[in-house]
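The structure that follows is given in the form of structure tokens.
When the chains are written out, they are named A, B, C, D and E in that same order, and each has its own residue count from 1.
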Amino acid sequence: MILLWLILVPFIGGLLSLPARRWRDYAPRWLALAALAVDAVLVLTLFADTGAAPKTDWLAQVDWAWIPRFGIRFHLALDGLSLLLVGLTVFLGFAAVLCSWTEIRERQGFFHFNLLWTLAGVIGVFLALDLFLFFFFWEVMLIPMYLLIGIWGHENRAYAAMKFFIFTQVSGLLMLIAILALVFLHYQTTRSLSFDYFELLEADLYPGAARWIMLGFFVAFTVKLPAIPFHTWLPDAHTQAPTGGSVLLAGVLLKTGAYGLLRFVIPLFPGAAQDFAPVAMTLGAVSILYAAKLAFAQTDIKRLIAYTSISHMGFVLLGVFAGNAQALQGAVMTMLAHGVSAAALFMVAGALQERLHTRDMDKMGGLWTLAPRIGAITLFFSVAALGMPGLGNFVGEFLVLLGSFRVDTAITAFAAIGLILAPVYALYVMQRAFHGPASPCEVRDFGIREMGMMLCLIAATAWMGLHPQSMLAYTDARVNGLTRTLAQRGP
Amino acid sequence: MASIPFEHALLLASVLFALGLVALLIRRNLIVMLMSVEIMLNAAGLAFIAAGSRWGQPDGQVMFLLVLTLAAAEVGVGLGLVLQIYRRYKTLDVDRLSEMQG
Amino acid sequence: MTADAFAALLPFIVLSAAAVAVMLAIAIRRSFRLAFWLTAGGLLVTLATLPCALSVAPAYVTGLLLVDAYGLFFHALFLLAALAVALLCLAYFRRRDNENEEIFVLLLTSTLGALLLVSSAHLAMFFLGLEVLTISLFPMIAYSVRASRPLEAGIKYLMLSGLASSFLMFGMALVYGDLGVLSFEQIGASGAELGQKPLALAGLFLILAAIGFKLSLAPFHLWTPDVYQGAPAPVTAFLATVSKASVFALLLRFFTTVHAERSETFLCVLGLLAVVSILAGNLLALLQDSLKRLLAYSSIAHMGYLMVGFVAAGLLRRDLQAETIAFYLAAYTLTSLAAFGAISAISDDARESDRLSDYTGLFWRSPWLAAVLMLSLLSLAGIPLTVGFVGKFYVFAAGVQAETWPLVTTVVVGSGIGIYYYLRVVLAMIRTVDTAFLPAQSLHPAAGLVLAVLAALVLGAGLFPQTLIDAASQTPQISAGAPKGNRHSAP
Amino acid sequence: MLNLLWLVPFMPLAGFLILTASEGRLPRAYVPWIGAGSVGLSAALAASLAFELLALAPEARVFRQTLWHWMAAGDFGVDFAFYLDALSLNMLLVVTGVGFLIHVYSAGYMADDPSMARFFAYMNLFVFAMLILVLADNLPLLYLGWEGVGLCSYLLIGFWYEKPENGYAARKAFVVTRVGDTAMALGLFLMFSQLGTLDIQEAMARASTQWPAGSALPTAAALLLLGGAVGKSAQLPLQVWLPDAMAGPTPISALIHAATMVTAGVYLIARTHALFALAPEVQTLVAAIGAITLLMSGFSALTQTDIKRILAYSTISQIGYMFLALGVGAWSAAIFHLTTHAFFKALLFLGAGAVILSLHHEQDIFRMGGLRRSLPLVFWTFIVGLAALVALPFTSGYYSKHEILLSAYGSGAAGPWLWAAGTAGAILTGLYSTRLLLVAFFGTERTQAHSHYGSNIGVPLVVLAILSLAGGLAKLPLFPALPETGTEETGGSIGLATTAAPFLGVAIGYLVYRTGTASAEALLQLPGAETLRRLWFSGWGMDWVYDRLFVFPFIALARLNKGDAVDRLYQGIVALTRLGHCMLVPTQTGQLRRYAAGMLFGAALILALGVWS
Amino acid sequence: MELTLFYLSALVAIAATFMVVIQCNTVHALLYLIVSLLASGFIFYLLGAFFAAVLEVIIYAGAIIVLFVFVVMMLNLGSKTIEQEKQWLCPGIWHGPAALCAILFAELLVTLMRSGAHEAGRIVESKTLGIALFGPYLLAVETASMLLLAGLVGAYHLGRPLRSGS
């Protein structure tokens, strides 16, 4: 039941924050915080419950009949991987609410409604173990996010929102087709119609079918991830979204794609995934480099950060398809660490836009003098983004490369060039926005609220870098299971 | 009565049908267009009669009666509409009635 | 007449009586409200007689009508839709001095036509039902005779409908001429050697052309946008839902009973029509600025999706076909009613609001109305949470199971394009404009009631579709005497 | 007591955290106390640890401390663990000792800078990272320190961020070293994938047993590690960043870009010497790199006019010696030279800093002159430093460099060539050192010097001068961390020539610059000399080449594809859809008769399909 | 004999219909249409459908066409419209529609030719027809009444003059 509440709390909170605006202007955001706090308590309870126990199996489950006609069940379950990602979602939910505190002045009730519903959808994605339910949440989270971009976004919001929606929706349909194909093939052999994850894990597919079905899933997830060549929605969406939206997009929504790869593509189609691994890994490596190069070329700071996200997600793709324990754990760590660091960078970019009314780095410069706190925080997260050891991103990237090196030396060496390109763009941001002579204007530095939030993010990043084992332990069992699956059912 | 080739009757119906179609397509006068619809319906009726007489069943004639009913009703409504249109547009030119497009 | 036959006929009798009663009432005293209440009462009583009819189903009445569960499902649907349209009319026709009461008579007769159509078991009844429906629709479409657009729409529909009727009759004559029988079942009995009966086959294709016109399948779709746009909004709602759904329901009954789907050619033609409709409808809607035209084009596309479901499910299993069609039609009816209802609610017989600019910022002017419209658009786009998604899920399920990949691909492409224009409307509605100059929309309570109920149904059936699925799937037996053998052993 | 090892690095970290958290609101007087004090405590602790460790038997001089389990995945697992042996102890002492002195010096040097707290914070962070580097028990942790010092280097080079060129230099330093680091990371991956561990000692042990000497795997691994080393230690071909790195405050140049960080590459190779020993070709390559680098940068140093750039090239050159030593297997000689170099190069930089401070940030030696009178303390300590650099007998540099050159000579076939290069380099060293001394400290006073430095500048200079002189007497107890290399007695003539070479350089320098710059300018009139000077001045044009090979193409490519070519694909789809729309819309003419024709067409079509199929 | 009559009246029907298509004067066109319908009625008779033949003459030619005549006279279309019709009927616009119709006709023709040869002309007594109408087709008749009701109400609504004002 606790799993259901995890989804329902933000859902109800969102509904409540709609009318709350009439009561007080600030009521919606406090309500949102309250809802998130309740969710956080739930997540912490789950962490506490599982802290001591061996993290091997599913920690909690909800399983009800939903649409018996198709054997669709309302099946939620949680393992270490889900738990971490749900934790990340709630954590960044706080960040998203807090960074919208002053930015969003109009239609606060509806804003927080959408924010919370997006979170509910994402949590649903991380918990759903019925493929139909998964798809359901997968799509449901799009609409509020679409509205977030479309209503509170920046100058080109309509285009960006549309692009975001169409990309994810069309790829989602491909996934739906793949899900159905999987279900019906399974039905043909077993005569039992079911969308249940565990049952479909046993599906016996002939390799040709498995390859195509796997591709359907793969495309949906790589669009969301995103990887070259399906990435072009992301720079627009991230750039145009309000800060809270960008935080959720970069921090959480992208992770759903990676989660899908880990949860579905690899376990359901181990053989096909292994056959496909060289292509996928190449895509990952190309994403890393190509996006890094594009990031360097940007002058719009949010766009730049958006491209860095693509670059980092390339590591995830690489890691997932490398498929050994190191690479998979690295992919998970990259997801978590990138979630935090990219969210923080978007918050900085949002803060800058709120203060300077521009995102063009050519119009910035010398901000360090004017706002040293913003500078220091940007520096920290730029450095995190470029993979500084001791911070979370490094652990992820290092493990990914470590693992993938065993699988494919050439691709890994190619991908490692990304380590060189990362400082090129990351430090370029610092140079253009913060270094250089100061302009004579006044810029409000971060206040207590923003610093508190940022310090939490910093602490999280450093914690992930210095003691990643505390998180890796949660996914250890799942990753071992995956490697075992790959070893047994691989080609 | 001597037998008449069924196919020839149908052929006649087809010719009439096609002629009605041509009329519908090339005439711009609304009343004539309504007339051409009548021609086509009549052709269909003829086909029914022919079919009924091939099988020696009353069903063909029943269907013809229904066609007749439809034709009457349609002409009633259609002419009412044409009247309104003429009042409004002062013309029966169907091509003038293309305000909505695109 | 036996008691059973009477029971089976009861809905038709009550409905006809209601029509006559309303006419008489109008003749005695013109009162819009009275006419409305009589109509609503008539529809409700008819609805109440359905269980009575169901108790004797399936029952042939004089060989012309077959009252079975399949038909009764649609009866209920159409009666409810007609009730909704009646309520919308109450809200729409505000100028009560204009002798507007006839609309209710016509509404009742056209509903009767639809009911007859779906229950028909004989070409004569097929024809009559269709014509009762159509003849009633002519004056309904041209109802607001003071305006030019309704007249234009009316004459277009009348002429083209006459043309279609001619095709239909000619086709029927050919079928009859070749086979000598008129009832569906008898045609089906001699359907085995349909290949050796070129005349009958040609007749069936001509009938298909007429049905294609009514369903506005491309290339018979050209009339659709003009008529949708020109007709008063409640009439458009009726036209889009009851008229289409009844013809499609009949199409299924007719073509399956005569075993047309055994012919590969036939399925190919239907598939082709589906593909062309999907592409043409979606492409035409792409940049459309009139919401009613946009929805008209979208309905073309939807008929294409439905046809995909028809073809695909037809390849598999008959009950699945009926279930798919029934569910999709119900979903489509609900959704379209909501969409046109929303349009109707902000229009009246003095002014039709169908330009996209009329909807700019609607979300901020009257949020609930906009929310309903948004919901219905999302449902049309097939986004989860809505019943439209489940409908599309059915289509995909059938398509995937039958492995009709070209059709499935087309549906995906069409959906992708579709999202664009649905979201364009959504974007217009959420555009933030200075609302001070725009009047808040006042909502007539009748329209408000209809929209609230419809929105609740769209959401409710989207979240918990099992009830509707049960209703739709308990109607698999289209007619007695259907052969038991199935082409495929798949579900 | 040894258990307090963890405090050594964490003391500076604490300093960093305190200084950062204070956000510059701490009273200025406290800042140096925290900054230098934390390092001082570390140094004291390191010294006491040294006593304790050295009290043990040589074989037992190993201490391992695991702080926590860092990360594990599958069969991979590393701890956050420190490893203290003679080698790391040596580095520990150098880093904390020299670091402390430079911190003290900085308190004076940066006294007027508004961002002093930030400066000390970065410095402390650097010391922390450097200590992690040298203490790391495993390669990932070493990599943490390795990247950490790189980051601090970046931060400190770009410390004065208002000037864009400083930022450029900082980024250049980071990116160029990152190239090497990436190679090193790949080396790590290779080692893990083949050896199954990244624990240094364990990996070395496994490599020695699993890999035959001279086979491909150790060669590849050693090559990749070498990539990291040349990046960090500014050796060919990645030396281009170091001269530019002089943009930072001078104490930084002393601490990071002379004494400690740049020698990390030497430390790395010494740490993994077992691996390099398995790859003789790579070892030869190391020696060759060292030899070529020391010569090339010696020539470059000859032509520089900026006092810090002269010292920077000199640093590159001296690290070249260390590489030479590593390449010929003289491990302890390399570390020995590393240590002495830390003393005298820190001294030189600090001296140069004092000069620069006195001359209001004037760095061109040709605008100096006559400083021996205005800055006597600096002058004398500078002379000591230069003497050690030139390796005049009885200075520390003499012992270490002598050992290197003799080892080089005795190292097989290529030995004499390496020796010759090293000796030539020694001549060059003498030459440019003399040039620097004569031009800057003698002659007429061209810029008025204001000596206003206090004791916290003077004391470190004196201490370092003493160390530079006497440091060579200490016999570093590096066994068994590094294998003993018995310096076999080579012929006396070689030893004599080695000793004499610096004198030759000094003599030439004296002849040329005795009377100011006139004779040097005369030399430039020789044919080709100006071209050569420009080539040397620009560091052999490596920047020019790299710009054209990598930087410009990358920027051009980035600019060209700013809008993302892949997006065109999707724009194409959009355009196609719109085209479809535009082609279909004309069918909706609104004309009834055309609609009828459309229907007729449709009917004819499906009938045709039905009839003819 | 009957066959000859059949072909003769078929010829008349076709010719009259053709004249409807090309006749510019609406009233003349209507007259041609009556001729065509009468010819059809005669064919019905030849085919043995006497009742239908009678209805064809009475209802089609007698009632429906008269309705047309009324409207034409009500609208009082003068000679101006005839001129206009002539302009509209310029030869250019024939090609497309005629070609399309020809194609459709050709398709029907091919189908007809494939279907083989069958005889028609069996007499169906009016009594049989009556029994059918009030037996199995009872519901159809009832429904036809609803059809007419709808047509009636619709024609009433559309055809009445608009009240001025409001």
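What to note about this one:
Convention: a contact is a pair of C-beta atoms (placed from the backbone, for glycine too) under 8 Å apart; a residue touches a chain by one contact, two chains touch by 3 or more.
Owing to the predicted nature of the structure, the values given are computational and were not obtained by experimental measurement.
The chains in contact with subunit B as well as with subunit E are C, D. Looking at the partners of subunit A and subunit C together, the chains they share are D.
Among the other chains, D has the CA centre that is most remote from the centre of subunit C. Two chain pairs, C-D and A-D, are compared here, and A-D has more C-beta pairs in contact (counted per touch definition above).
Relative to subunit B, the most remote chain by averaged C-alpha coordinates is D.
Legend note: the chain whose CA centroid lies nearest the centroid of all displayed protein CA atoms is A.
Taking each chain's centre as the average of its CA atoms, subunit A and subunit E sit 70 Å apart. Put simply, the C-alpha centre of subunit B and that of subunit D have 96 angstrom between them. Subunit B and subunit C have centres, each the mean of its CA atoms, that are 26 Å apart. Rounded to a whole number, the gap between the C-alpha centres of subunit D and subunit E is 101 angstrom. Under the contact definition stated at the top, not a single residue of subunit A touches 2 or more other chains.
Within subunit D, contacts with two or more other chains are made by residues 585, 588, 590, 592-593, 596-597, 600-601, 603, 607, 611.
Shared interface positions of subunit C, i.e. residues touching 2 or more other chains, are given as 124, 128, 131, 135, 138-139, 142, 145, 154-156, 159, 163, 174, 198-199, 201-202, 225-226, 420.
Screening every pair of chains for touch gives A-C, A-D, B-C, B-D, B-E, C-D, C-E, D-E. Those residues of subunit E that touch subunit C in the shared complex are 107-108, 111-112, 114-115, 135-140, 142-144, 146-147, 149-151, 153-158, 160, 162-163, 166.
Only residues 6, 10, 13, 17, 20-21, 24, 30, 33-34, 37, 40-41, 43-45, 47-48, 50-52, 54-55, 57, 59-60, 62-63, 66-67, 70, 73-74, 77-78, 80-82, 84-85, 88-89, 94, 97-102 of subunit B touch subunit C when the two sit together in their complex.
Subunit E contributes residues 96-97, 100-101, 103-104, 107-108, 110-111 to its touches with subunit D in the complex. Across the complex, subunit E meets subunit B through its residues 1-3, 6-7, 10, 13-14, 17-18, 20-21, 26, 29-30, 33, 36-37, 40, 43-44, 46-49, 51-52, 55-56, 59-60, 63-64, 67-68, 71-72, 74-75, 77, 81, 84-85, 88-89, 93-94, 96-98, 100-102, 104-105, 108-109, 112-113, 115, 117-124, 128-129, 131-133, 137, 140, 144, 147-148, 150-152, 154-159, 162. For subunit C in complex with subunit D, the residues that touch the partner chain are 155-156, 159-160, 163-164, 167, 198, 201-202, 204-206, 208-209, 212-213, 218-220, 222-223, 225-226, 265-266, 268-269, 272-273, 279-280, 283-284, 286-287, 417, 420.
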